[in-house]
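Before anything else, here is the set of structures, which you'll find just below.
There are two complexes below, and they share subunit A, which is joined by subunit B in the first and by subunit C in the second.
Up next, the complex of A and B:
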């Protein structure tokens, strides 16, 4: 509460103080002056973003920098960062929000990949329908993609109501690369109808370990009972990997039935093997923690 | 009829063309209202963004003519609890085509203005599915302020609220400030002689918009088709519909934990907690049951239900449960005639809905689309409870 009061006081005094206003105006004038170096302009944009946007003219100037493809990319990214920082002050920024969002939509297909990706990320956090449409279109038709498929899937996952499950399933069937497959699985981790897929991947010892861990985590969210069953089987399987066993151990420790686990002799024996075998210290420690909890 | 429309409008451009055709044909214009029902098959399997574009286009088609009484409730629903800028803007515009402006409409517009004030964004109504890249056009806040100006003297009830809205330092662009002044002027400058009558108050919908339905005992749908449906509660206990809902009246609300509109599911469940307190205060917590049933049973597992209810103050026990269907969700959907649709198992759109079931598990009353009042819900549930007592009194004479 005390911090909030301090912040509010500071923000009010920032609005009133002529010296701060003068400083902000000077910062904007440095930022928009093309004769200054990119470094100077970026530093000016980062200087006092909230105070700088106290009038429409200042905001228009910074939006112009962001829109202008002839400006150095570092300065445009600085302008974007400055605007985004300002947008956190919802009340102060609200009058400019419309211009800001319209500008973001306008530059969403900018030639610079970093700017494009950041703009799409900002729009997707707003659950913007146009950004969603473009990302889905890019996944269906790679010639129109604004970002790599793995990034598009990551951005689509910001909105659970985006129409992304269908396209993610298609990517898993025919992945353009390993990263895209991994991100498609991460996205499907909130889709209950994908639980059988995750069960299959978790039990597949030929599968990448990272994918099996994502599958364990997804199953924990979607079908925790099934995860418990698989976790036990994995722990009993002498040939499975230690890291997957450690993940299974955590699942059982967190969500298992304490009484049943304490009586499961085969399981405890297998965990004991993990605690004394060739596993790394980290996994041995997990196994010991499990045993101390369930063999009391 | 609904299936025929759905079959003819598989793609969004086809849907847009259908809406245009219905809008242009006076004999078929009434069908536009039907397209605003979220359970309409045309919305099956579509994502939320598509549904926003589709419903927005229907609202805009309504705005081009006269909004009929049957469509008014959908317009008010969007203003009451809508979170999407495009839909709220389209609803505000559509309201201006309602032929009978009354004082009862103003609180809905003001509520939308308060909800959207800090989330204003440019929208375009020029063509189907267009996302504008310019802020020169309209926005929900601009549309809402224009609608208040259109209401003029009918918006006197919210004048003070609009004045304090205008006096707050931030939140409005220069263009919106001009619109606020215009709305204030229109409301204040009306001739006292034209002062409208008080046809309702406190944001209850006007007579044309029906947000509650009730059925006399003889006309209630039998619960037999859902009696064997199995539900799981927040503590993983399995119970059939018959076991929980037969024997005592119940208050039932629907929700899902992944709903991202704070004015819908989160608020509904919070209000259910208040309903429980009112029942408790009147000594009725054991006589009237409460249940919150998820639309999304595949994702909303027992633990999620428990945490969601607990975080919103819901009291959970044998008479009051958070529930998920474990087998036939469609049967439940049919029994309640739920206003919901899905893309796979995920909800893509739903209305606000609360029900009062009688002691036979039959729907006695439904509150839909507009936020319901907790006390009103409890009062109606008490009426249903008293039916049971009357029935018991009548039993000896029957014999």
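Up next, the complex of A and C:
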């Protein structure tokens, strides 16, 4: 625990001017005093995120606020933000990092959904194995879920691996909602074996436009040459939607073969159609930019 | 009669980018036809396109700037030096939107297009500037396989103590931003990294066409014309970024973030000012949920660079306010022999020094710092001390070639 830490561990660089120290001391005393309003306490925590690092006792007090389910949730969230902000000052924070992460693991199943979600996010960004297990467990067994499935899938993307792909594929087969399906697809965008799925979704005119956009993006990384082929065909297809054509055009403009594009008369003709047709001004402008780049 | 104009001591079009700091230039006669005396009188002036940048001139490294110069130039071909700079408050929008012209009498004898390339407030960028920036970012990332991956690898837990472990925090990130900006400029030389004023609302930044709009989950959405829709880092598609506590970055400044005035008032000594690493810097990161709120993942979000550009701008503004460009002056930096390696003034900075093992991280991704066709500073392996005089205020050779729209030379 922080209170047992040897003072020798304190960072040499944590030397602060007397006025800043006094300011920090005042901030901590306001933050930990339960007689102050939640608003006052949150403001104090936010004003000086490194305040708690002036001594181990103060740090323990802030960690205690975070752990204490009887504290107002706004104050607990404020304590979490303050500690996370302090973590950006690596030298000052380093001796306390272990206690901080241990505290996060302890409150991962807190009754407050916002706190749970934030804590799981912080742990997943640290590639925390236990957080990953809990998220996967919740997706397989919704009774044990700590966050909604779409959030769990999004958080798993911080450290993707094969087991997450399996779960994501199951979600796509039987999605609990549109957001969960979308997040499952975003997760699978790193899975080479999912390329055929993305090709199918990209070309499906009945599919949600957002899903087709995600599919184009996924293919751009998984099979860039196939995306370019599909993008060209979509632009040539008079019956496809202008927004998907705009995505296709952006892919070709940014990642295509400039020399080949300049010689592709059929493509340039279809882009010219987009630039003068019924499309929105933004898409027309995008088409005109493309033409000016490749018809010089 | 013809003259040749050199900008940044180069005839290359790649070097025709200037900032508020004076750039070394020269003029020489290349075709003396018609000359009747050993020297000719050449008037140098800038001509701006509508809404374009503007330039000023002076004959030496010091002295006042003027809108034009008249130089006596030998017909033998010997170069005559002069200096040019962007006129403060009038940066360029497009490459070549201001020309330096040389005239003999009314006859045009030489001309070069230049750009007053300045780091601007991202919220105030013109659509064309925004589109060029986003496209350059997308190409640098290139499906997660491009050079951007090196920048991801530089800013991870492995390099934590180099980047964040002491007073070198601000110098390290200045070099990091410059390295990235030069890579973007290698793709499109008209791009300058803009900054996000996190203490102000930014309605033009968090849009579908720029840095995206976060949905309730924190998944960032982009328009179909925005190249960021193809963003991928570490094998992961897209960007996660969620404003916390009901904050709307389009209409409100960061709720707890120190304002510019508060930050600049932290103290006149670097040892006091550098507490900005917590608030506003750390606070600007953690007022979001998502990758930008944790060091190991923050660089997955390109907003990181706009946030840090503002951190660097605040340092630049503080330096100018307090005259803190000279590393030899104690208050310009928190110099202490006890600082860990990489945080003392003469230390080279990882990873650009390519030193691994021992007290340094085990790998040094990305190679040396990108060079610029406009200046040789800070060199491929910058030291902490070489980042302080970024404008060349103390030594003209230290000029790094970037400036902020609201920080005068």
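Rule of thumb we're sticking to: the second predicted complex is superposed on the first by the 276 of 296 C-alpha atoms of A that agree within 3 Å, B and C clash if a C-alpha of one lies under 4 Å from a C-alpha of the other, contacts with A are read in each partner's own complex, and residues count from 1 in each chain.
Following the convention adopted for this analysis, a residue touches a chain if its C-beta (ideal position, glycine included) is under 8 Å from a C-beta of that chain, and two chains touch if they have at least 3 such contacts.
Being a predicted model, the structure only gives us computed values, none of them experimental.
Of the two partner chains, both subunit B and subunit C are touched by A:160. By the document's definition of touching, of the two partners only subunit C reaches A:250; subunit B does not.
Once chain A of one complex is fitted onto chain A of the other, the partner contacts of A:125 are limited to subunit C, with no touch recorded for subunit B. Once the two complexes are overlaid on the shared chain, A:85 sits against subunit C while remaining clear of subunit B. Of the two partner chains placed around the shared chain by superposition, neither subunit B nor subunit C is touched by A:39.
Once the two complexes are overlaid on the shared chain, A:97 sits against subunit B while remaining clear of subunit C.
By the touch criterion stated above, A:224 is placed in contact with subunit B and with subunit C alike. In the overlay built on the shared chain, the residue A:189 is in contact with subunit C alone; subunit B does not reach it. Looking at the shared chain after the overlay, A:213 reaches subunit C, while subunit B stays out of its contact range.
Between subunit B and subunit C, more residues of subunit A are touched by C. Common to the subunit B-facing and subunit C-facing surfaces of subunit A are residues 90-91, 94, 126-127, 160, 190, 224.
On the side of subunit B, the complex with subunit A involves touching residues 46-50, 52-53, 86, 117-122, 131-135, 139, 169-174, 176, 258, 260, 298-299, 301, 303, 343-346, 348.
Looking at the complex, you find that subunit C touches subunit A at residues 135, 138-139, 142-145, 160-161, 163-167, 209, 217-219, 221, 223-227, 229-232, 235-238, 240, 244-245, 255-256, 266-267, 271-272, 275, 277-279, 281-283, 285-287, 289-291, 293-297, 334, 338-340, 343.
On subunit A, the positions that touch subunit B within their shared complex are 56, 90-92, 94-99, 101-103, 105-106, 126-130, 132-133, 159-163, 165, 190-193, 222, 224.
Subunit A makes touch with subunit C in their complex at residues 12-13, 15-17, 20, 43, 46-50, 77, 81, 84-91, 94, 117-118, 121-122, 125-127, 150-151, 154, 157-158, 160, 179, 182-183, 186, 189-190, 210, 213-214, 216-218, 220-221, 224, 243-244, 246-247, 249-251, 254-255, 282-283, 285-286.
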